[in-house]
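Okay, so chain A shows up in both of these, paired with chain B first and chain C after.
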Partner chain A sequence: MQGWRKVGALGALLLALLLCGCWNRHELSELSLVVGMAIDKAEDGYRIAVQVVNPGQVVAQKGAGVSSTVVLFEEEGKTLPEALGRMTTRTPYPLYFAHLRMVILSEEVARAGIAKPLDYLSRNNEMRNDFYFAVARNSTAAEVLKITSPIESIPANSLYTKLETSDQVWAATGKITLLELTQDLATEGRNPTLTGIRVVGNKSAGDSMSNRQYIDPPVELVYDGMAVFHGDRMVGWLTEMDTKIMNYVRNRVKKTTAIQPCPNPEEGTVTLRVERSHANIDVKLTDGEPVFLIDVRLEQDIADMECAMDLSKLDTLYQVEKVSNERLDALLKSSIAGVQRRFGSDIYGLGKKLHSKFPREWASIDDWNETFRNVRIDVRGTAILRRIGTTLQPIDYRTRE
Partner chain B sequence: MTLENNGEAANGPLGDRLKPVLQQLTAATGESSDIAIRRVTLDQSEGEMLYEGAVVFVEGFTKPEPMIHTLLRLGQSERRFAAPRELLAYYAERVVSEGEVMWLHTWEELLDALLSGHSIVLLDHCPFAIAVGTQDIKARNVEEPNVQSVVRGPREGFTEVLSWNLSMLRRKLASPEMRVEKLKLGKRTRTDTAVVYMTGIADEQVVSEVRRRMRTIDIDGVLESNYIEEFIQDEQITPFPTIYNTERPDTIVANLLEGRVAILVDGTPFALIVPALFTQFFQSSEDYYQRSDFSSLIRMLRFGAFLLALLTPSFYIAITTFHQEMLPTTLLYSLASQRQGVPFPAFVEAAIMEVTFEILREASVRMPRTIGQSMSIVGTLVIGQAAVEAGLVSAAMVIVVSITAISNFVLPAFNIGIAVRMIRFALMLLAASFGLYGVFLGFIGIMLHLASLQSFGVPYMAPMAPFVRPDQKDTLYRVPIPRMFRRPKSLKPQDVIREKKV
Partner chain C sequence: MHTGLTVRGFTVLTIMFTIGTSILIAPAGLAMDAAQDAWLAALLGLALNLAMVGLYIAIGERMGERHLVAYCAAVLGRWAGWAVGLAFVGFFYLLSALMIGDLGYFLTTQTLTQTPIEVLQLLFICFVCYAVKLGLRAYTNTAEIFLPWIVGLFLVMIFPVFSRMTLTNFEPVFEKGILPILQGGWHFYGLQEMVVLLMIYAFVPRHGRRSGFVWGTFIGGLFLILTTLGALAVVGPDITANQLFPAYTLAKNINIGHFLERVEGIMIFIWVLTIFFKIVICFHGASRGFAFLFGLHNEKPLVVPMAVGLVVLSLMCYPNTIYIQSFITKVWTPFATLFMVVLPLLLLAVSLLRNAAAKLREPGDAGSAG
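Entry: the complex of A and B
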């Protein structure tokens, strides 16, 4: 008797479970997997393009290569969700955003302000926040997604991995996720930057799988510099060196390469591999005015040596180190001063430091970015030489004379 | 006709005269043709003293010839007897060379002895009979166990004969503390069963509980130990076995030494062990015959395989239909491309494959050995290649089903595997309707259920829940044997110390 009661209670519980149903159930094959999204300006609102994967073509099997690995759908709407909703009139299955890798913004959208389109991306529960942003430099955003990629069969994936590797070893790009971008936007005293992407070659050749059949593809996508924002509006472009310096200061450099001339510049250059970098921002008040000290410490190895120097001598190494130091100092100084002068946008996060250290003084500042233009910034670069590689002397050190 | 239905004769004393006894005997057995009655006449002193007698036995079951020979020789001897009873007594005590002799006074005893393979010697004018143990057991020899095979370790397994099985135990465990209590079960089969335990080690309460439950069994036939298992197990409504069974004498001895109680049943090589704990079903006797480091790894592998066998299909269903965001992107493409063109939802696909596999497995167990090979070819082709090529199922699903099936066979105890097979389908259903939420709900339910089980007063999940620290030495891992100083505490043995601390 007791047993039957239990069974009955259990049955009732199980029935209650059914109330919630399978509302969010999708079969895997009935999803349009979105990997890339491009946001362009339209006359009234936005023009959205999504790059959707065609899984059958991605997984190489017999007969692969007949159709393209991805398909681009474009639609206009007053807002992002409206455009995406209208897009279902074109896509075979509901769009699925959990595997979104890249969001490309056109320069026009970036200059008009990115806060509005970002709202949908951060509000949507399906989106993760690990996809990267880029700003199209010389094309519309949709055009970027229309270009096939060599080797990696999904263009958006190629963009993603390309950005990751270059960020890891070159440091002149920036992999900015939605989370970092929204944090930068919401932080007073720090402005966001987004990496730029450039179409190199014949644009119209990209939109065909035949672009993948060349050894030297007629069109490629290349990351180039970073877009500087003032608030949510883009104000200009950073050069490669400015980007690198900015990444040093914001502690985003994993590894990179630095060059410096030989003591006798005619001999050539020394290439140094930066293995570790750490930056520290400090702020002091002098006569009520904030004075910043940016301290960048690098640890580097010798990667390439063209000079006639005897590396077995400690003095030589100190000499190399000294040149590095001076060069780093000079680069930091000129680049930061240039950003101050040209953009007046605090992409380094100095204001945030001031805010947390001297909240009272911070409160008295009306427009931080205006103040930033003229604030005094001291820099101190310290480069330490760690290893010289697996050979001691340059190959032709003895025979050069 | 049962003994009880035989009326007064059933329990009454045997009569004096031979003729009515034999008549009654034929009536009681319904003149069954396998009951042989051999009439003998012992003619002493050339017809002066005639002793009418009979030897009754079951044909084929016994080998009465040597005994009949000695009986007839007795008739020719010089020795004179005052009465038939003296002759029978003399015969029983001085002549019979067979091991076992029983004195029979009642009908019940007589029928019991006759039907269990004894030869019955009856004499006219004698109020009792004797039963001589002339059984000629036709049984399988001691062979290597089929189900629980080992790479290293004893290769003998139990047979269908209880006495041989008990002798195997005795040979391994030459201790007077090993106690054997015999009990006949089954009103009609009168099957011999034996409760074996170590006095001084086994918990007295468990032993008496086993006795009590065994005595309450009221059944007419016991053909296998499962007949008893289902009577004495703690919980009926559970997929999990709460009694362990084995056909390995070494396993039984090891368990007796840990303080468990074994139940052996005549007619089956499978003996029962109680109390049985959850972790025991992950232990193989070989764990103790290989080095402890290796055994520990293998044991963890088994727990892993248990989870795989239980959860793989449901995880696959849940993740591919509800949580696509959890899949690595490239895996997602590959799965999605495989699923293109598959007409069924993932759950139906999984159910088809799992059921097909269960059918194949059942068929391969039941089918005649000779067609096994052709069967397995059909199975591989149907379940694997052809189903994928025909677009009925995706290749990934075949992998899921295969890993599930293989993992299932890693479990050393067959009956825990059965539990896994049954629960798997319930979890798949939950996964198909609620995703991982449902899977975890189901898993928590299983955990609660496991924690509620008991086996002969010992919590089923011991030594994990309740947590018994010293018993961890033989749970997820096995420490070297010289470090196993104590017997499992969960079983409450009377003598905890197993060996001297080194």
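Entry: the complex of A and C
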């Protein structure tokens, strides 16, 4: 008898344990899944827009496509949580952030400083770390979330996968997570950058499912360059090439494409596919002044050949390699010098390297970014050619004059 | 007294005891003091802990068949021994209450935000009571069953971390000199109150228990050092210092090709399990000591009433999260040192003196003081 009593008591306890979670239960059908968030400046505080999934329309079924797959809610508030709280007067269910994919900041918010709006995102326990940030280049942040996406039915998901893909193969964008962003903000001697996003086409046409009915949609979202920050304030835009160079230096490039002119430029260009890239930053002290050496090594294949060159000769290959080396060197030099001069913001993390290697000298520097403006940076680009694809000569090799 | 406790079981309990609480919160305190040198501070803390274990073994080997509170009475005499024993019991009880508080605040901050903290704590205490009532052997066997799970899950969590390390996060070494590292090590040592294990030590088979104690502390310490290294390498010293639960943040950031991700549940599992054993050991020690002080043969009738007090005490001790932070960093280490170093040293010294005195007086009478 005694034994059965114990079993019963234990069983009751186990059941009670499950009840504990019920206090915190979220029914999937009673949540508004937020996939995108846009932060704009309002007169007093922020104007927040959230893109919420409309679950009935996402799953393809008969009759679907009548209403839109996502709904955008907008609300103003002095702070983010206030705006989001007030938003419940518009949304049918509580907002749920664990599936957040994209956070879009307006340029105005970025220029005013992102530390304040970010605090809520890093403090909230529902937020995960797998969403990306982008800064709207030619529209408000909310407008970015108002544009439908082709193929992928949820626009924020489309932005997410678009960024992942271009990061994989093109390298002129940056998928920056909350952790990376806060790390860059917290690290002295390294400044953050965030990818830019541009609305291309007729803005007002995007806000309807009809935009998805065209083969060539009248409006699209395109990632374009990156925003440079000085501390938490945005100071300007990087071009596509500057972004790529920065990604080389910060070891973020997975694959990308580079072009260079033929020895005889009239014939056209050689396109190289960068398959591997590794950068190393070194710093030395010369007369007490730091001198940096940025060493970038690329491994590349020939992807496209327009020149009349005999590729079967080893010399030709070396010639292409030499041009490619020189070009990489020149690009690194001019791009980095440009960033030094125009922004005076160390987006490469050189200061962090100086701090690591020479902590005492680092301690004597008051304003690193000011020092960064005039610091000497040597670059060394080494590009190795590995493969030439599946064919040897250009296809018109025999018939060409 | 035969309890059926094995040396292996004792080692496992020591491992659990070392990991409990510390694995979740230690990296933050370490990084706050020593920044990128936090891992060195953890190493230093482990060394300090091992030194403490040396002291406890020296005492433990003199205790005969008695636990710590009984030994106090034997060494210091009836009144002084009773008072010191009561102080130890109070310390163990307070420690249990603080851990119940840690547990409640962690769960209500990170996962079960809407569940009242009291409910979580009460339910947890029910299981603690159950374990303590079943006795030492039962919960040691349970710990032995769960240890492979903890080790396995820990490896699942820590291996991906080491593929994403940023080694420059550890540079520059010794930037602010040795002082911050000493400070970090000092706070780290204060989180592992190994003295509680002296309540059990006397009931472990003599052969091999010394190395079991040392190995248990060492292995548990390795877990903590690896976690600290991981947090520094992936999250970075600045962010680690700014997290309430850095190890949880670390687990949140694990992502291998969208295949292995959202593993923070593992972290909760490891932490709740290890803190469970730590609470059980502390609370069992407290109830046992209390029973001895009041001449009860069995601590079991005391378990439930004392457990109810735990919840109340934990809520009184920890009014809010920031209080926990500043309490642990500022107050706890010096306070705990009283029980972890000062009183054990006093016990050892008095016991040695009494032995020497007894030898002088009457060669045949030696050893009566224990």
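List of remarks:
In this section, the second predicted complex is superposed on the first by the 384 of 401 C-alpha atoms of A that agree within 3 Å, B and C clash if a C-alpha of one lies under 4 Å from a C-alpha of the other, contacts with A are read in each partner's own complex, and residues count from 1 in each chain.
Here is the rule we use: contacts are C-beta pairs under 8 Å (C-beta built on N, C-alpha and C of every residue); 3 or more make two chains touch, one makes a residue touch a chain.
In this text, all values refer to a predicted model and were calculated from it rather than measured experimentally.
Residue contacts after overlaying the shared chain place A:99 against chain B, while chain C stays out of touching range.
When both complexes are overlaid on chain A, the residue A:33 reaches chain B alone and has no touch with chain C. In the superposition on chain A, A:128 contacts both chain B and chain C. Look at A:4: by the touch rule set out above, it reaches neither chain B nor chain C. If you count the residues of chain A touched by chain B and by chain C, you find the higher number for B. In the overlay built on the shared chain, the residue A:24 is in contact with chain B and with chain C. Of the two partner chains, chain B is the only one touched by A:157; chain C is not. Of the two partner chains placed around the shared chain by superposition, chain C is the only one that A:356 touches, whereas chain B remains out of contact. When the two complexes are laid over each other on chain A, chain A has residues 17, 20-21, 24, 128 in contact with both chain B and chain C. Residues of chain A touching chain B in their complex: 3, 17-18, 20-22, 24-29, 31, 33, 35, 53, 55-59, 61, 96, 98-99, 101, 126, 128, 154, 157.
Listed in rising order, the residues of chain A touching chain C in the complex are 10, 13, 16-17, 20-21, 23-24, 125, 128-130, 179, 182-183, 186-187, 352-353, 355-359.
For chain B in complex with chain A, the touching residues are 237, 320-322, 324-325, 329, 332-342, 345-346, 432-435, 438, 441.
The part of chain C that touches chain A in the complex is made up of residues 109-116, 119-120, 123, 126-127, 130, 168, 171-172, 175, 235-236, 238-239, 242, 252-253, 255, 261-262.
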